[in-house]
Each structure stands twice: as C-alpha cells, then as structure tokens.
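Here come two complexes built around chain A, the first alongside chain B, the second alongside chain C.
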Partner chain A sequence: MADELILQQSIRKPRSLWKIAWKRLVKNRLALVGLSIVLIIIFIAIFANYIAPYDPLKVDLSKYLLPPSREHLLGTDEFGRDILSRIIFGARVSLQIGFFAQVISISLGTVLGLLAGFYGGWVDDVIMRIVEILFAFPFLLFVIAVVAVFGPGIQNLYLAVALIGWAGVSRIVRGQVLSLRERDFVASARAVGAGTLRILFKHILPNALSPIIIEATLGMGGMIMLEAGLSFLGLGVQAPTPSWGSMVQAGLAYMRSAWWYPVFPGIVIMIVVFGFNLLGDGLRDALDPRLYI
Partner chain B sequence: MDNNDILLEVRNLKKYFPIKRGIVFSRHVGDVKAVDNISFNIRKGETLGLVGESGCGKSTVARVIIRLLEPTDGEIIFEGKDITKIPQNELRKLRRDMQIIFQDPYSALNPRMTVSEIIGEPLEVHKVVNNSKEKQKRIQELLELVGLAPYHANRYPHEFSGGQRQRIGIARALALNPKFIVADEPTSALDVSVRAQIINLMQDLQKEFGLTYLFISHDLSVIRHICDRILVMYLGKLVEIAPNEELYSSPLHPYTQALLSAVPIPDPEVLGKRKKVILLGDVPSPVNPPSGCRFHPRCPYVMDVCSKVEPQLKEIKKGHFTACHLH
Partner chain C sequence: MYRYFIRRLIQMIPVFIGVSLITFALFYIAPGDPARLIAGQRADPEVLAQIRKSWGLDQPWYVQYIKFLGRIVRLDFGRSFKTNIPVLESILERLKATAVLALFSFIIAVGIGVSAGIISAVKQYSIFDYSAMVIALLGVSAPVYWIGIILLLIFGFKLGWFPLGGYISEYGLKAVVLPAIALGTRPAAYFARLSRSSMLEVIRQEYIITARAKGVPEKLVIFKHALRNALIPVATYAGMVVGDLLTGAVLTETIFAWPGLGRLTVQGILDRDLPVIQGTVIFIAFIYIIANLVVDLSYALIDPRIRYE
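Right, the complex of A and B next:
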C-alpha cells in the first residue's frame, strides 16, 4: 500500500497551482455554464459575418416592425432591419468595449497598485488619494462629462472608462502586494540578491494574479452593462452601428406595438452579463487563496 | 583570541523601528527598540546559538546581519569589512557569501515557482552558470546534497511536506556556496521527528563545506545539540555569552537560569532536585523598556541597584560573559 503510494507519487506529474485551479473550475457546473456562455458569445462576435442571416444595416421599409417569424426569428425594427442580425453584430461592439476598457483599466490598475504597495511612502499616498477621489466621484457622471467634452463614440468611451476603472483594480492589487511583500519568499529573493524588477514580476505579481483575473471577469459584465447604459442614454455607440444598449433605447419607443424590439436585446444583455458573473464567481472559488499554502 | 579566526563581528548594533502617528504630517512618537546596542563575534566554522523568548529581537538580529533590514546604528564587520556602509553593487556580491534559512518553510518558498526555479534563482541572479544545462546540473547536485530526489525539481512547493520544504530552503541557501548562514529558527515549525533530520543535515553540510552558522532558536535542546557557543538575549540586549557546556552547567544570569529550568529533564529524580526559577509576568514592551537592568521587574534576585544602573557585559570566566549586578 505504502509502496504503491510512493510509486504513484514518483510517476505523478507536477501540478502547478494554475492547473489545480483549472481542475477545480471545470468541476463547478455553474462556472462551466458561465464559461460556455462567454465562449459562445465570443465565437458569435468573431464570426458575426458568417452567422448573421441578414446585413444588420440593410434598411427595408416594407418590413417595418415585423413580429418574430420563421423569416426573421426575432422580428424587425422600425427600418425593417433584422433584429437577430443586429444582436449578433452588436456582440462585437459590446465585447470590444468591455474587453478594451478592461484591458486598459486592469493594466493601469495593476502597475499603479504594484508601485503603491511595493514602495509605500509618498508613492502610495499619492496613488491612493487619487483612487479615493475617483471613488468619491459618481462613475456615470464622470463618463457623461468625458463624453460631453470629447463627444460620443467608442474611443471616448474607452477613455472615460479607463480613466476611472483602474482605481478599483489598483486598490485590490495594492492590498495583495502589501501582504505578499512581507512574506519570507520575497525576503529570501532579496537575500539572494534579486533586483526590484525581478521581485515585482517573478515573486509578487504571479501571486497577486488570482484576484486580478477574478476582477477582470466580473468587471466584464459591468463594462457591458455600462456600454448598454450609456448607449441607452445616447452617449455611447452612435447609429447606425448596432449595439445592445442603443437597440433597447430605440425599441423602447415601440414597446407597446412591438415588444420584441426592446425585449430581445435586453434578454441578451442579461444572459451575457449573467455568464460573465457565473464565470467570475467560479474563478473566485477555483482560485481561492486560502487553499494555497 | 586570534583575530583571523573571526568571520563576523557585530559592534554596538541597534535597530529601532519608529512609531509614527498622524496621516499627512506624521510625527515620531517613539521607537520599538528591537535590538539595543549588542556586540558579539562569530568565529570561522563555529555554530553560534542565539536564544531568547519570542519578541526579544532574535529575528531582527538575523535580518539586520543579512542586510534585509537597515541597522539604526552600529557596525557589522564581515571578513574585515563594515557591511553596513557598502554600496549596492558590493552588497550584491556579499549576498553570495551570506545566506539565510527561514523559520516558516510554508512562507519561504514562492508557491508559483517550481523547485528548480526556486533553487536556480540565485544561480541566475549571480550568473554563476553559463547555460541551462549547467544550471540543471547544479540544481540536481543541490537536491541530492539536501536529500531530495532529482524528480522533485519540477514540482511545486505545495506538493512537499514541511521538512522537505525546509530542505528546499537549505538547498537554495547553499546554491552560491556561502561561507556564513543565518538559520532563523529553522526547526521551530517542524515536527519533532523531522527536526532531528534537519539538524543532522545542517551539521553534515557544515562539516562538508566548512560553514559558519548563526543558529537562532528558542528551543534550548536543539541549541545544546548543535551550538559551540551561545548568546542569550532578553528584550533587545545580550545578557549572557558562554560556551555551550559552560552555559548549561553553570548559567550565571538569572534569566538564563530561568530559561534552563524550564527545559524538561527525563529523570524525575534530577528534576526534583533542580532549583526551579519560574518567571513572573510577561516580557515588558520594547517601546518603554524598564530602567537599569531590563530584567529587573521579573528577576527573583532583584536589588536596589538593578533598577538604577544598567549592568554591562563582564567576563566572569574565560569566554563566559554576563550582564548582571550579582556577578
């Protein structure tokens, strides 16, 4: 029995913490549902050209507000455009905004959080005071102000979101760094003579990555909601580019006569945000730092 | 004592941690006097023990000597050079000669790195190997040296037991062939059965490579087993320095006597005859240490002079120093 165990151990492949987390994630059904939704929507966004049954921008006034039918599965809008096709192409816009806004705010937040946590002192003071100012500022108001100054459009939306989105991330990263830099493995790297960059990027960052990944995933849902909200307010994506938020907004005027117009884009927003949140929750469980020794 | 024998000398070392209040304009309201004016030396090839209660400044001494913390004042002379004042690039070179083994083997290894990355790091940082083949060879050598198998190299720290992890930590410390190793309670976090293995391993390595150890522990039986000379520390000060046998047979300072009387003896007859010194109260705060002798509030032989005059280390017998007004 003992011999067998030793034999098994010697054959067993080394398992990194990432591999263990992945195993734990795939065991979690809800997380898998989330992951599938996310993967499907990414697939749809990439291959929108091939999947969409119609051109999302093709106006055909003879098909004014048709209800769902075999021909137009989710009906048509006031210009006779196919709603399904517009939702499919809208995935591109929503994911793009979510993705780029998250990439910018996560990278900015990670770097600033690392600096604040590692160096402490006035660097920490300055960065954290800025974070607090940003937190005190109403998010939507800030985005509206940026859009009012620079005009609506996708680029300015990135700008607005990136300017403010890093604050939360940097606070999370800073907290991680504060606890990690006191750990003995960091002291031992220093005792060995490792430089600051090496300590930051080989010792501290890899150990702070789990909460960053969780934040990135959970934040995606928030970003998609934000895009939808801003487009709904007319501050985001401009017509005729299809986006889920602007579709809900335009459809609202026809709510009584053509319920399918605002409802279907709304449902899609809900499902996708739900998917990202499920995945984020699953990742949180899978990457639980308490299970790391 | 021949001066050439001395590897490391500590002179009047102080380490104060400032206490600050206030958010924007912080003011200095006091100091935690973790290490307060201590001096000692370590000879080549010896194992110097450092004992004391938790919080008496043992680990701070270790970290200051290894230059993980800046000393507040004092000199640390390693091979004739004061290392508290050397520039950054020389400090880097110095890192090859002195290494540290940590107490908690769970915190001492980066959980995201494989064993070969962990042991290979010092080799990479100091560019002592020319290519990855040489590096792998050296890693295998080191693993074998500390009693681990070659296939362990690609594993991660969480796949090992506490004792095995401590072996990995020792392998990392040995990677650059240091002359001097500070062992900061290397066995305190381990099971008793594993403790002996690690101690034996450290002794074997000392014989093989002529290492010098500063061995910090609160475990007097471990200290007795491994050390040549012993320093006893109380609240940031050294209270007694003595050769191993001498300290255990005739401790001079009341604090040392109290520490030793707390060690269990597996013979009830001897145990019954032994004079018991039981300390009252807790260690006072190192922010406001007691006046005079720092031990006087807890000392069973306290005299008037103790609270007024601070006793200095005096050589009572050859090589046996103590700081107590009784002697």
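Right, the complex of A and C next:
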C-alpha cells in the first residue's frame, strides 16, 4: 500500500508554479471579474476605431450637451462630441500612459532593488536612503510638482514617475533578493562559475517575479488614476485628445445642466481601476498566499 | 524609549536634507528663466539683472542651495511672484481649513473603515463581509474628485441638503460634510481592508482560542483580547493617511472651493508661481515626515517590542 502511494506520487507530473497559480486564479471569482474587466478594456482600446460610434474629435455645435439618448448613449459634451466615443478613445490614452509609466517604474525599481539586495554594503545604503527620502513625498504631490515646474504633458509625467515611482518596487525586490541570495541554488550557480549578471537575471530575478507581477498589476490602477488626476488638474493630456480625467474636469463646469458629462467618464475610471485592483488581489492570492493582507 | 526617540529624531535629519535637496534641484533645473517669471516676459535687461542679484540667482548652485536651506530652516519660503505676499503667510492662513477638512475625513475614515473591517473579520465570508470588501475596493478605485462630484450632484444640487461649496465661515459645519466624506472614502476603504486582515490574523492566535476555551464571552474575546492587538498594524497606516489626505486635499478642495492648502497649490500651479509651488510642496512633505515620526513613536509606545529591536 505504502509502496503504491510512493509510486503514484513519483509518477504524478510535476506542476509549475505558474500552472498552480493559474488554477488558483480561475477558481477565484472576484479575480475573474477583474481579469474580464482588464481584457475588455484592452480590447476596447485596441479596436477603438471600430467600436466607437462617432469620431471623438468631431465638433457639432448643434448637438450641444445633449442628454443620453439612442443616438448618443452617454450624451454629448459642450462641443457636441459624443461622450461614449470619447471615453472609448480615452481608453487608449489611459492604458498607454498607465502601461508605459508602469514599465518605467517597475524596470527601474527592479534593477535598483536587485543591485541593492545583491551587493549590500554601500550600494544598498545609498539606494535605500534615496528610497527613504522619496517616501517622504506623497507620490501624487511630487508628480504634480514635477509637472507643474516642467510644464504639462505626458513626457513630464513619465519623468516624474521615473524620478520617484520606482521606490516602492525597489524595496520589494530588494527584500526578495536578500532572502534568495543565500539559497543553495545561488551558491551552486556561483560554484559552477556563473557571473554576477547571470546570477542576478537568470537565477534570482525569475524567483522574485511573483511580487513584481502583483505590484505591476496593482500599480497599473494607480497609474491610470494618476494620469486621470493630473489631467483633471489640467496638467496631463492636453485638449482635444480625449482623456477620462480631463473629461471629468471639463464636465464639472456643466454639472448642473449636464450631469452625464462628468459622471460617466468617472464611472469608467472607477471600473477600470477596480478591475486592475481585483486582478492584482487575485494574483496575490494565487501566486503567494503568504503575502495576503 | 528615550534613546529610541533620539535615534528616530537623528534619522530624520538626512531625510529632511534629502527632501530639501530634491525640491531645490527640481526648481533649479526647471526650464525658463526665473527672473523673467518674476519680472514678466518683456522686462528690461537691467531689471532682470537686478532681480537676479537680489534673489541670488546669479550665484553658483551650491551657494543658492545653502541659502535656500538656511531659509527653509527658518520657514522662510520667499514671496509669491504674483502677489508678493510671503508664502509662509499664505500657507498658515490656509492651513487651518485643510486641517479641519483632514480631521473630519480622518474621523470618518477611522470610524467607518475600522468598524466595517472588524465586523467583516468577525463574520468572515458572510454577505456583510463580501459586500463591505467589494465596496472598499470600489472606494479605493474611485477618484476622489469624482466622488466629490457625485456627492455634490445628489446631496447638494438634487436634495439641497448641503451647500455646493464654500467654507464653514459661510455655511457652518454643514460645509465640511461632503468634502470630508469625499476625502475620507479612500482612507476608509484602506482602513477597512487593513483592520479586517489584521483582525483575522489575531483571531487565529492561540491566546484567543484559550480565551474562548476558558469560556470568556465572545464579545469580551473580540473587544478586549483581539481588538487591541489587531489595531496595532492599523495604527501604522495612520501616518500614511496624512499623506493621502494632504494630496487628496489638492483635488477635493478644487471641487468644493475649500480655501485650504490644496487650492493654494493648484492656484500656484495655474499661475506658475514657483515660490508658492515650492513652499507648499516642501511644507506638505515636512508635515508628512513629522506625521510618520509621531506615528512611529506612538507605535513604539503601544508595542514595546519595537523599541527593543
């Protein structure tokens, strides 16, 4: 009986961490809702040209602030532009900016975290002191300051994110590296003569991926919110490019006569950020249950 | 405790210097000629030269930085390019309004957030738990200015219960209700999630099982044994909330025409008034650092394990 059991166990196919995580993820209903929201919004952003019923930039003053109707499901704005179409094209802007801002902060944070954790000593000291100082600035405030000083626009938003956004990620990666670098597989890699870069990117990084993926997903919602907040203050995407944040801001002036104008773009921001947060939470549960907070 | 206090204070010094250096650098490398910003685009070269001299703009960067550091230690943030009023004066004038707003938001956030989190944990997997957590996640996901607009539309415009914006001096305490709810939603959601997970962890500890096994009534187990320990990690978040509230104020005050620091910052941005932007940013960062220090110290008071590390 015991022999059979051992035999069965040894025959069972090895399962990768990713497969186990995927199975856990699809069992989690809330995570699936998040995944669907994210996939739908990506689809909308890619095929905006085909999905949007109208040209998002076409001005038609005869359609000034029309309430939601069959022709214009979410109404029109003060230039007679279709709000639904603008929201659909806004998805492109938001996702693009969110994605690139995340790429910048995650890659910088990962590299600096790897270096700090692996080398320790003064490298670690310098990087972690900088992180500490950056943590003293509330994130949005810092980004506002950078964009206010360097001028509105997306490049400066990226600049601000590059300057400060990496701090949180680098701390997480550093923590991972600190525990990984003492493991046997790192010692064996070193023993067979692997170089530092190879050890860092080939052996340590893949093992530190789960928290990076979780952080990237959760942070995506934060970046979308950041872009919307900046655009709301008039510091982000500039007119006439449709952006959810600037639509809410423009709608604010017409709130009394046209409630749909600021309300709908805001709902979309909330749903999309909600989707990324649900997916991020789900990924956290699936990839590493210990990290659950 | 005393030694811990001193150590934490000394640790603050490099952070303060770092914050001042970054803020200085940001404005030092800013595009455009500050002298022209002060005097206007069409100013005479002589006037520009005079301004450069009187503002110290003709000095090398490190001299400018040391002077800058000396000024901010004395809380002298310079004068507004636009109004010529000392920036500190404007900040102090607006500080009260932001403090009132932040205080009410904080009370709402802790009151609603922590109680929802505790009930969720005690009734884990109940309908209350699920709905509270979904609402909390929606609360984290909704932009604060949009929540403000929705509240204004429903309770201000449609029902007429609250003013559509303005300060306590005009409308009394009614004026603070909507902005405080808008600003408090996000921290409330965080508090709910955090206190739930913290409470869940504590409930599974052995001393709770022991208390139950001894026959201690459930209410006493929750409120006396579990709650106190569960609230310790929640307290650390309080420091971060200050940062959330201060930056949230920038957006909330814009919506509700609230005469606080946030609106001062936004006005500074619109006017490209560098001393105002610099002053408010550095002031808010300092408040944030001090708030985190206070939380750290009180944390050490609540939990003796911290200070012996």
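We take it that the second predicted complex is superposed on the first by the 274 of 293 C-alpha atoms of A that agree within 3 Å, B and C clash if a C-alpha of one lies under 4 Å from a C-alpha of the other, contacts with A are read in each partner's own complex, and residues count from 1 in each chain.
One rule holds in what follows: contacts are C-beta pairs under 8 Å (C-beta built on N, C-alpha and C of every residue); 3 or more make two chains touch, one makes a residue touch a chain.
As the structure is a computational prediction, the values presented were derived from the model and not from experiment.
In the three-chain model built by superposing on chain A, chain B fits alongside chain C with no clash.
Judged by the touch definition given at the top, the superposed model places A:L252 against chain C, while chain B stays out of reach.
Looking at the superposition, the partner that touches the larger set of chain A residues, chain B or chain C, turns out to be C. In the superposition on chain A, A:L197 makes contact with neither chain B nor chain C.
In the superposed pair of complexes, A:L17 makes contact with chain B only, with no contact to chain C.
Once the two complexes are overlaid on the shared chain, A:R183 sits against chain B while remaining clear of chain C. Of the two partner chains placed by superposition, only chain B is touched by A:N207; chain C is not.
Using the contact criterion defined above for the overlaid structures, shared-chain residue A:G221 touches chain C, although it does not reach chain B. In the overlay built on the shared chain, the residue A:P262 is in contact with chain C alone; chain B does not reach it. Aligning both complexes on chain A leaves chain B and chain C separated at their closest CA atoms by 9 Å.
Overlaid on A, the two complexes show chain B and chain C touching the same residues of chain A, namely 292-293. Of all residues in chain A, those touching chain C in their complex are 30, 129-130, 132-134, 136-142, 144-146, 148-151, 221, 225, 228-229, 232-235, 245, 248-249, 251-252, 255-256, 259, 262-263, 266, 269-271, 273-274, 277-278, 281, 292-293. Considering their complex, residues 14-15, 18-19, 22-23, 26-27, 30-31, 134, 137-138, 140-143, 145-146, 149-150, 152-153, 157, 193-194, 197, 243-244, 246-247, 250-251, 254-255, 265-266, 268-270, 272, 274, 277, 281, 284-285, 288-289, 292 of chain C touch chain A. Contact residues on chain A toward chain B in their complex (touch as defined above): 10, 14-17, 183-185, 187-195, 198, 202-203, 206-207, 292-293.
Of all the residues in chain B, the ones that touch chain A in their complex are 63, 66, 68, 91-92, 95-96, 99-100, 102-104, 106-114, 121-122, 125-126, 149, 151, 154-159, 169, 172, 175-176.
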